[in-house]
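When the chains are written out, they are named A, B and C in that same order, and each has its own residue count from 1.
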Amino acid sequence: MRDTMRNRCVGVVFYVSALFLLLSSGAMAKEWKLSPKQSIAEVVEQAQAGDTLRFVAGVYKQANIIIQKPLVLLGEKGAVLDGSHQHEILVLAAEHITVQGLSFQHSGRSSLNDLAAIKCLDAHYVRIINNQFDNTFFGIHLSNSNYALIEGNTLKAQALNEYELGNGIHLWKCKNARIVKNTITGHRDGIYFEFVTHSTIQENISTKNMRYGLHFMFSNDDEYLNNTFKNNGAGVSVMYSHGVSMHGNRFEENWGESSYGLLLKDIRDSEVIDNQFLANTSGIYMEGCSRTQFHGNEFKNNGWAIQLQASCNDNTLERNNFQGNSFDVVTNGVVVLNTLKNNYWDKYQGYDLDKDGLGDVPFRPVNMFSTVMERVPAAIVLWRSMLVFLLDRAEKVIPAMTPENLMDNQPRMKPYDYN
Amino acid sequence: MITIDNIKKNFGALQVLDGISLSLNRGHSYALIGPNGSGKTTIIKSILGLVVISSGSIHVEGEDISRQWAYREKIGYMPQIGRYPDNMKIGQLFDMMMNIRKNSGTLDEELIETFRLRDLFDKRMHTLSGGTRQKVSAALAFLFNPPILILDEPTAGLDPVSVEFLKDKILKEKNAGKLILITSHIMSDLDELTTDLIYLYEGKLLYSNPIKQLKRETGHDKLGKALSSIIIQTQND
Amino acid sequence: MLRIIKYIMYDILRTRFMFIYFLFLLLSTIALFQLDSEASKVVMSLMNVVLMVVPLISVVFTTIHFYNSYEFIELMLIQPVNRKVVFWSEYLAVTISLSLAFLLGVGIPILLYGANASALMLLYSGLMLTLVFVSMAFLAAVLTRDKAKAIGVGLLFWFYFVLIYDAFVLWVIYTFSDYPLEKVSLALIAFNPVDLARILMLLQLDISALMGYTGAFFKNFFEGYAGFIFSTALLLVWMVLPVGFATRIFSKKDL
C-alpha cells in the first residue's frame, strides 16, 4: 500500500520536472556543432534560447564571448577556449545557462578588472559543470547571480606572485549557490565569498593556494561541509559573518607565520563540528568570536590547536580530541568567558578513580611557555628543554602567568573515536 | 745505552729535576739512590716517557725519546707498586702483554717458572697479595728479554726466598751485558747487585761513580757506610 | 689499536655498569610504551631521557672509567705503544659500549612497538649526544688529576649545557625581544650540543609550530634536510673538538 503511494509520488515528480524541462529548453531545441575555425559569437547570435552549442576538440582562440540567452555550452573532450593571456573568455549574462565539459586557459590578467574565464553577471541558475581551468586569472566569477551550481570543475593556476593570481571560484553578492566537488589549486584564494548567503560549499578540495583555501566575508547562513583545505598560504579565513555551519572539513598542513587552519574573526552563532585540524601552524585562531559551538573536532599535530584571543566569549568547546599538538590552547587574556568540557587532552596526567571515563582533576590546557612565546616568538628554540620543563612545573604549582580559570573540569581519559 | 743531558722538570713551582746529566752504559748496573722526594722516580718515569721533561734531552740507544714510543720495546720496567686492571686474571695479563708487544725475539719465562706464577694464572689481579703482584711485575719486566731493565724497589715486599731468586736473575742479566738501573733503600742488596752509584739530592746529581771508586775514596767496605760518609762530606761542603 | 680496544671493552663489560644502563633504558622504554599506546607521546617522554639522562650517564661513566683505567693506561704507556693510540682506544671503547647500550636499550623496544621517523630521530640524537658527552668527559678527565675533580668538571659541563646555557639564551631573547631574534637565537643554539639535539627532535615533533611565529627564516632553514645537516655537522664539531683538545693534553700529560 505504502509502496504504491510512494511510486505514485515519484511518478508525479517525474512528470512535473519533464514538463519543466520541455518548457525551459523549448521543444524545438537545436544542437550546433562548433569547430575552432567558426566564430563562436556568430553561432551564439544565431542560436535560439534552449539550443545546445557543441564544441568539438581543438583550441578556440576566441574571447569576450557574451551570452545573453539560456544556452547549453557543451565541450567534447579536447575542446579548449583560449583567452590568449589578454581577454575574458565567457561572460554569462542570462539565466539558466549551462557550461559543461569545456577547458579554459590563458585568460587575461589585470590589476584593475577581475578578468575571468567565466564571468556571470546577474545570471541566475547558471550551471557550470566538469570544466577545466588552466592558468586563468579568475576561474569562475559570479556577481549578483543566485541559485548557481558549480560542480566538478578543476582549476589550476601557477604564478610566483600574488598579484598575478585571481581567485579560483569567486562569488560576490549571491544567494543559494551550491559549490560542489571542485578542485582548486594555485590561485590566490581557492574559493572567495563576499555577501553570499544561504549557500553550500561541499566536498571541494582546495590546496596550495597562495592566500586562503577559502576566504569568506560578510556571508551569513552558509554551510560548508566535508571540504579539504590543505597547504594553503594562510589556511581558511571566515570573517564578519554569523550563522555559518562548518562540518566535516579537513584543515591540513597550513604552515607559516600567520597561517591558520581556520581563522575566525567576528563570527557569532556558528558551528564548527566534526572537523579535522591536522598539522597546521595554528588549528583555529579566533578573535571576536562568540556563541559558537566547537564539537567533535579532532586537533592533531598542530603547532597551536586553538589560539583564543581575549575578545572571544560564550563559545563552547566540547568533546574534541587534542592530540600531538605542540600547544593545545593559548590565549592573550586572563579572564576567560568560554566553556571547555569533556575534551580529550593527550597532555592530561590526571586520574579517574570513579571510572566514569572522565578525569577527577581539571586540566589546564594553557602552557606557561606558550604565554612566554606570545611575547617573544623566538623563544620557541627553547621549547622542550629542561629549563622550560622546570619553569612549566613551577607554573603548575604556583600559576602566575596562565589564566587560572581556563580549564576543562571534566577532561576525558580516552580519545573519542571519530572514524 | 741511555744518555741524559741536562734535564729539568718542575711540577708547578716545585723543581723536581734540576739539570741532571748522566750516561748509562750496557754491562753496568746502576744504583739510583737518594732521600724520598729527591727525584728518583721522576727520572725513571722520564726515561719511560710517562713524565714529559721540561727541558733537556734523553737518548735511548742513540734515539731522542721525546714524543717517541717504539724505543720502549728495549726497556723492561718493574714499578715500585705494580698496578694492574683489577678484573684481569694473571694469565690474561700475560697474554695481553705478549699480544701487545708483538715481540719477535724469544721470551724469557724463567721468573714465571721460578715464582710458580703459572699455578696462579686463574686468579684475578685484585685478589693478589702485594708480594705476588711484585712477582708478576718482575716476571713482566724480564719477559721480553729487553737490553735495558729499570727496577724500582724490586725486592720490597718479597719473601726472602723470592728475593734471592730475583737477585740471582738480576745478576745473571747484568752478566749477560744488559744495562740495569735499580732504586732501592736496601743497601746490602745494592751492594750485591750494582756496579755504579748515582746519588740524587733535591733534584740534583750529587755523586755518580763506580762503587769501587767510592769505596776506595771513603775507605769503607760496605756501601751503606761509604754512602753515609759521602753524604756527610757533601753536606759539610 | 683494535687489540687494545678489545681489552678495554672486555674490562668495561665486566663491570656490569653497561648492562645495568642497558637494562634501565630497555625497561623504562618498554614501560613507557606499555603506559601509552601512542608512539609520539612515548617519543616525547623518551626525549627527556635522551636529553638529560644520556649526557649525564655518559659524563659520569666516562670519567669514572678513565680513572679506574689509570693502571691499565699506565701499563700500556710503558709498552712500546703510542700515547695517542692508547687514548683513542679508550675513547673508542667507551663510546662504542655506551652507544651500543643506548641503541639497544632504546632501539629494541622502538623496533618492537613500531618505529616511526621521530623515534628514529630520537635514537640518532641520543647517539650523537653520547658521542659528544663522552668526548667532553674525556676532556674533563685529562684536565684534572683525580677522579672526584674529574666527575665534578664533567657534571659542570652537563649542568651548563642542559640548564644554565638555556637560561642564558632565554635571558638574551627576553632582553632583546624588540629586535628580530631568529638568527641570533639559532646561532646561540649552535653553541650547545644539547640544544642542537633538541632542535633535531623539534623538527620531528613540532614542525607545525616551528613554521609559525618564527617566520620565513626558520621555514627556509628547517625545510628539507638543511636543518638536519646543519645540526649534525655542528654536533660532529662538538664531538671532535673536546676529544681533540683532550688528546693534545694527554700526549703531554705526566702520569
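Details
Quick note on the criterion: a contact is a pair of C-beta atoms (placed from the backbone, for glycine too) under 8 Å apart; a residue touches a chain by one contact, two chains touch by 3 or more.
According to UniProt, the chain labels map to these proteins: B = ABC transporter ATP-binding protein; C = ABC transporter permease subunit.
Because the structure is predicted, anything quoted here is derived from the model rather than measured.
A comparison of the B-C and A-C interfaces places the larger number of contacting C-beta pairs at A-C.
A simple rule picks the central chain: find each chain's mean C-alpha point, then take the one closest to the mean of all protein C-alpha atoms, which gives C. Of all chains, the one whose Cα centroid sits at the greatest distance from that of subunit B is A. Subunit A and subunit B have CA centres that are 90 Å apart.
One inter-chain figure worth recording: subunit B and subunit C are separated by 43 Å, centre to centre, where each centre is the mean of the chain's CA atoms.
Separating the centre of subunit A from that of subunit C, both taken as means of CA atoms, is a distance of 47 Å. If you check the complex, the residues on subunit B that touch subunit C are 11, 45, 48-52, 67, 69-73, 75, 77, 79, 83-88, 96-97, 99-101. Interface residues of subunit A facing subunit C in the complex, by the touch rule stated above, are 255-257, 259, 279-282, 301-304, 323-327, 346, 373, 375-390.
Residues 3-4, 7, 11, 14-15, 68-72, 74-83, 251-255 of subunit C are the ones that touch subunit B when the two sit in their complex. For subunit C in complex with subunit A, the touching residues are 38, 40-41, 44, 47-48, 51-52, 162-163, 166-167, 169-170, 173-174, 177, 181-182, 184-186, 188-189, 194-195, 198-199, 201-202, 205-216, 219.
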